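What follows is a pair of complexes built around subunit A, which joins subunit B in one and subunit C in the other.
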Partner chain A sequence: MSTALRRYPVLIALCVAALFMIVPFLIVALNAVKSPAEYSQNGPLSIPDGLYVDGLKDFWERVDYSQKLFNSLLISGFVAILAVALSVLNAYAIGIGRVRGRTWVLAFFVLANLLPQEALVYPIYYLSKEAGLYDTRLSVIIVFTVIQAAFGTYLLSSVLGEFPREIIEAARIDGANKWQILWRIVVPVSRPTLGVLAVFFFIWTWNEFLLPLVMLISNDNQTVSVALGVLQGQRLMDATMTNAAALLGVLPAIVFFLLFQRTLTRGIAVGAVK
Partner chain B sequence: MTMTVEKRGVTGTAAQAGHPRRRRDSYALFLLPGVLAFLAVIIVPFLMNTYVGFTDWQGVGSPSWTGLANYRELMDDSDFWASFRHSLFMVVAMAAVPTAVGLVLAAALFDYIGKHFGSKVVAVLRACFYLPQVLPIAVAGIVWSWILAPDNGSLNALLKAIGLSSWQQDWLGDPDIALYSVMGVMVWVQIGFPLVVFMAGLQRVDPQLHEAAELDGAGWWRRFWHVTLPQIRPEIYVVLTWCTVAALKVFGAVYVLTKGGPGGATNVPSYFSFTTFFEKTQVGYGAAISTVLTVIILALSLIGLKLQTRAEERA
Partner chain C sequence: MLTARRRAVATAVLTAGALLLTSCGDSDNGSSGDGKTLKLWHYEGPNSAMGQAWNEAIKEFKATHPGVKVEFEEKGFEQIQKTAPMVLNSSDAPDVMEYLKGNASAGLLSKQGLLTDLTQEATSRGWDKKLSASVRTVSLYDTNGIMGSGKWYGVPNYAEYTMVYYNKDLFKKYGIAEPKTFDELTAAMDKFVQNKITPLANAGAEYPAQQYLYQLALSKADRAWVDSFQLYKGKNDFHDPAWTYAADTFADWVKKGYIAKTSSSTKAEDAGVSFIQGKSPILFSGSWWYGRFIDEVKFDWGTFLWPGSNLSPGSGGNIWVVPKGAKNKELAYDFIDITMSKKIQNLLGNKGGVPVAADASAITDPKAKTLIDNFNTLSQRDGLAFYPDWPVPGYYDVLVSQTQKLITDSEKPDGYLDALQDAYDKGVPKQ
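Here is the complex of A and B:
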């Protein structure tokens, strides 16, 4: 009995803490549906009188939000697929092929993964201008495919290092060549891990800021993150517009979160120790 | 999550007998696309950046070699030192505090809420804490800069509503407070990551250890300190290393919340190098700043990796 009574304070404390984490989202949602007049009269904490969606609509049209969403989806989607493919190829050679010098090759990918983007950003900006790729979505796709594949190679090499050798031997005896073993056996068997990787690559790329900010200057190419970040940096938005921007920025994240919740909060364990 | 995978599987086992060398090495072809892509996107730009750090260059024409001049200038640049001092504050906000709070939260959720209220409650609470982690930092910045706005911002409105008007502040505009406000936002952003990693780690702690300690009369805090903490030490090193590196790289939040201001009060190395590159176009100087940042990050990562490996061997 006494322990039953003692349990609740802990639960309540944790619930209050959790509430604090999501309160910012609630306030934003609350204020995104208020009219400017109502906002200036009643302030940010009042309950809205009705649903005012003109602010959201205005903002959507003003920043051409459909285009931004499309750009983000396009870039993140391609990066997720291409980076997983590149990681698989690398990891196949390192983890299963056990190529000579693999320790060094792996160390190289780890280092690449640790480098801060600040140490790459100016040369990438300069080189992409030289190559005529500046301000294209393709340039961002290429750069992030490689950056994400650094992490993917590291993770997958260790996963494939423990791939059951008997299966590969059996396929080889049946006459399968290396490509067939890769596509018909290794990839299908490791599909759950590849899926987790793809989800992480997608969301990481969606959230990236520095490189897209530098590389994508024209409105038609910008991602959601860059467009919203630049708008905020210009300090030109009024309260209603800021909230519309915030709500429209938060919504995709919440959708991904609900879609991938299991992967995100448990799949991370794949990357964590053991 | 960089340093989190065990290396044993890849490097430890020696090549197995019965594989002629010729056959093994033809796997090298599979590395070709990766190696070429890494050369173009990472190695060449990185070497260029390192080289440019030793030159005077405005981004046009050819760089002129100046040796260590940029680095000597950095040593006397108070903005440079300030930006790294602010990095230390970011390490507190993004590594130290989230790790400590995350440990307590993870342990409480795992062996208190989980045992007494079921895994559904745990999943919902964990989701709440993790949500900011999936938010683009630019969006988190918009949300918070509006909440922390001096006029009609939610925080000031709330303080007024509960009769604490004198506590109202220009949270992001006052040079004495701005850095702490940014730190607060970063704690909110970061807390979900340690929580989730620690909860995964707790699953491999043997429950019998806890039961034995409980039978011996150890309270929750003592069990947390003497049983839980030592068991998940590898995860603690992973999280500390990863979060410290993230703290040193912080850029988006500063760009969106304060632009390094007011008066440089929240400037950090990555934002400092960004403005030096693209606003002042002192590319050589910017490259030197980012090279220093890189060296520090690589050194810290190696130390973290060492600590983690040692902890794993012991565990």
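Here is the complex of A and C:
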């Protein structure tokens, strides 16, 4: 009885919170399959009379969505892999190698994280133009690898700082060099954490808007989130098509999340045991 | 020694890397200055009047320029808006591009030396003759980037102006005739208020509210007043009769219920939709709604120019600009010339846009005809008065937030005008 009493308020609070999270998504899905005329007549909350998929289809063709999807996958995928690799190398030196001045190095990484992206726009534009990388996907991959790795280094350093020294000692006595310790011991043991990081990096990069908007000028190089911007006109917006586009824009991220959900829970659970 | 699995992973990473490198490489070639490609950017939707007309212009261009490839890319408004100075300063600049007119946009780019001077082309190809004086204002920018005089940096292909949209069915239902004078308009609105209908669709959070206000001021103003406000030719006193009348009348209209108090936080989209749904009988806004209303409005509707005023908000539309770094300028001029031709202009008119150089007789669609006739009336009496947010950078936000206060009655007309004066004086360019 008493447990039930304690449990219900929590359950109700969770349901309400879930509702708040889901409602915007539902509205997007609802309006994505509505015709523009219907939207204008009955407003955004009405139930559509029938399935109207022209909005989805038109948007797909208008922005060449498969190309954008490929670009986004390419960029986010590479960033996730490279940023995790870079974070591991950094964190190995800081967390396990305990290089001198590591507190300052970490403080620097945190600072880099706090820097607003707006402040980065012009320097990055200028540098990439000088390097001949302006309007290439490679430039965005490099930039986001560095940005995400800054956070990854910070997080992983503290995780690896707690790494059981005994294991490393044992490996060293067995004759493992530093490289072998990293690849044979540290990486396998902390794989769940790395998995979580990779998933986060992927989704964060997927949702990035400002830097891809500035850096990727040609339509052939653009990402999904930039493509969504095409629909916002100067004075008018096409509400139904914007919803259709939003639906297409978040679906891949959701699918990706569902695929890697187990990695996520495992990573969090590992953290909890420690 | 690599295990089979690792080897597979390594190969995958390598191929992906190679793929990445090759895919990054191909953006470098493309257009070069060989006169064989025209790189064209604009941000009008494919179904809009401009989108359709320009699509036709591309076809026409291909027909007259065999062997030339047109690389057209549809851009987002925001992307062009945010990144234009950077793109134009790089080697990836297009040959011809649609850009936002006005001091703070095209004016700024011309001042930074990022645009090509089109004066020579405009006179030799006769663009200057085709555009009426008040449309032409958005083409010319002086050395400070202020529009209205100086060199040609852009060519508008269409125009826009504001008008009164009204729901004929609702007017008929309450026995009201189409208002011909300002008094008849207020009488009509009184009638609606008596029937518990808010007559005017308004949006306090965006441009519609300030356009009501500006229109009211314009009804007591003349061209010299507009030049002084928009082109800094003279001193601007916001407590002059025109502004005072506008602020007082606007506040009065909120009190009388012509404008809903709740409209202080609504968006332009809401105002448009409330007209489409038949909830608001009158909407005063721009020609950019016209095409959508033709498609979506189910009742009988009509338009007329704001009664009792020679001037109305409006201007030449967005302009074609040729970036300084464009590689095929000659092709760009040819393309602009095609979009100014009668054929494309007539098409633009028939699709619900406001052409600047069309043949009035070639416009067959009756709704399109009214739209263009009204524009010609306005343009012939030199009635395009631009928009209230143009003179000063950041003025749009000042106007929105101040007008919201006027709607909610948290600011009196007097204080409202003080605030406008303040922001204007701070932002006006010192010469």
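The working rule: the second predicted complex is superposed on the first by the 213 of 274 C-alpha atoms of A that agree within 3 Å, B and C clash if a C-alpha of one lies under 4 Å from a C-alpha of the other, contacts with A are read in each partner's own complex, and residues count from 1 in each chain.
Note that in this section a contact is a pair of C-beta atoms (placed from the backbone, for glycine too) under 8 Å apart; a residue touches a chain by one contact, two chains touch by 3 or more.
Everything quoted here is computed from the prediction, not taken from an experiment.
Asker: Could you let me know whether more residues of subunit A are touched by subunit B or by subunit C?
Answerer: After superposing on chain A, more of subunit A is contacted by B.
Asker: Looking at A:Asp220 after the superposition, I want to know if it touches subunit B, subunit C, both of them or none. Which is it: first, second, both, neither?
Answerer: second
Asker: Just checking: does A:Phe78 make contact with subunit B only, subunit C only, both, or neither of them? Give me first, second, both or neither.
Answerer: second
Asker: Scan A:Ser40 for contacts with subunit B and subunit C and give back first, second, both or neither.
Answerer: Touch partners of A:Ser40: subunit B and subunit C.
Asker: Considering only the touch criterion stated at the top, classify A:Ile96 as touching first (subunit B), second (subunit C), both, or neither.
Answerer: first
Asker: Once the structures are superposed on A, label A:Ala150 by its partner contacts, choosing first (subunit B), second (subunit C), both or neither.
Answerer: first
Asker: State whether A:Ile203 touches subunit B only (first), subunit C only (second), both chains, or neither.
Answerer: first
Asker: For A:Val110, is the partner it touches subunit B (first), subunit C (second), both, or none of the two (neither)?
Answerer: first
Asker: First (subunit B), second (subunit C), both or neither: which does A:Ala253 touch?
Answerer: A:Ala253 contacts subunit B only, not subunit C.
Asker: Just checking: does A:Gly233 make contact with subunit B only, subunit C only, both, or neither of them? Give me first, second, both or neither.
Answerer: both
Asker: Can you give me the overlap between the subunit B contact set and the subunit C contact set on subunit A?
Answerer: 40, 43, 213-214, 226, 229, 232-233, 239
Asker: Spell out the part of subunit A that touches subunit B in their complex, as residue ranges.
Answerer: Against subunit B, subunit A makes touches at 7, 10-11, 14-15, 17-19, 21-22, 24-25, 27-28, 39-40, 43-45, 86, 89-90, 92-100, 102-103, 105-106, 108-124, 126-127, 142-143, 145-147, 149-151, 153-155, 157-159, 161-162, 165, 178, 182, 203, 206-207, 209-210, 213-214, 224-226, 228-229, 232-233, 239, 242-243, 245-246, 249-250, 253-254, 256-257, 261, 264-266, 268-269, 271-274.
Asker: In their complex, what parts of subunit A are in touch with subunit C?
Answerer: Its residues touching subunit C are 36-37, 40-43, 62-63, 74, 78, 81, 125, 129, 132-138, 141, 213-214, 217-221, 226, 229-239.
Asker: Residues of subunit C touching subunit A in their complex?
Answerer: Subunit C reaches subunit A through residues 13, 16, 20-21, 23-24, 27-28, 43-46, 73-79, 82-83, 86-87, 89-90, 92, 100, 207, 268-269, 273, 276-277, 286, 288-289, 292, 295-296, 298, 318.
Asker: How about subunit B: which of its residues touch subunit A in the complex?
Answerer: Listed in rising order, the residues of subunit B that touch subunit A are 1-11, 13, 15-16, 21, 24-31, 33-34, 37-38, 40-46, 48-50, 52, 59, 105, 108-109, 112-113, 116-117, 121, 123-139, 141-147, 149, 152-154, 157-158, 161, 188, 191, 196-197, 200-201, 203-204, 234-235, 238, 245, 248-249, 251-252, 255-256, 259, 269-270, 273-274, 277-278, 283, 286-287, 289-291, 293-294, 297-298, 301, 308, 312.
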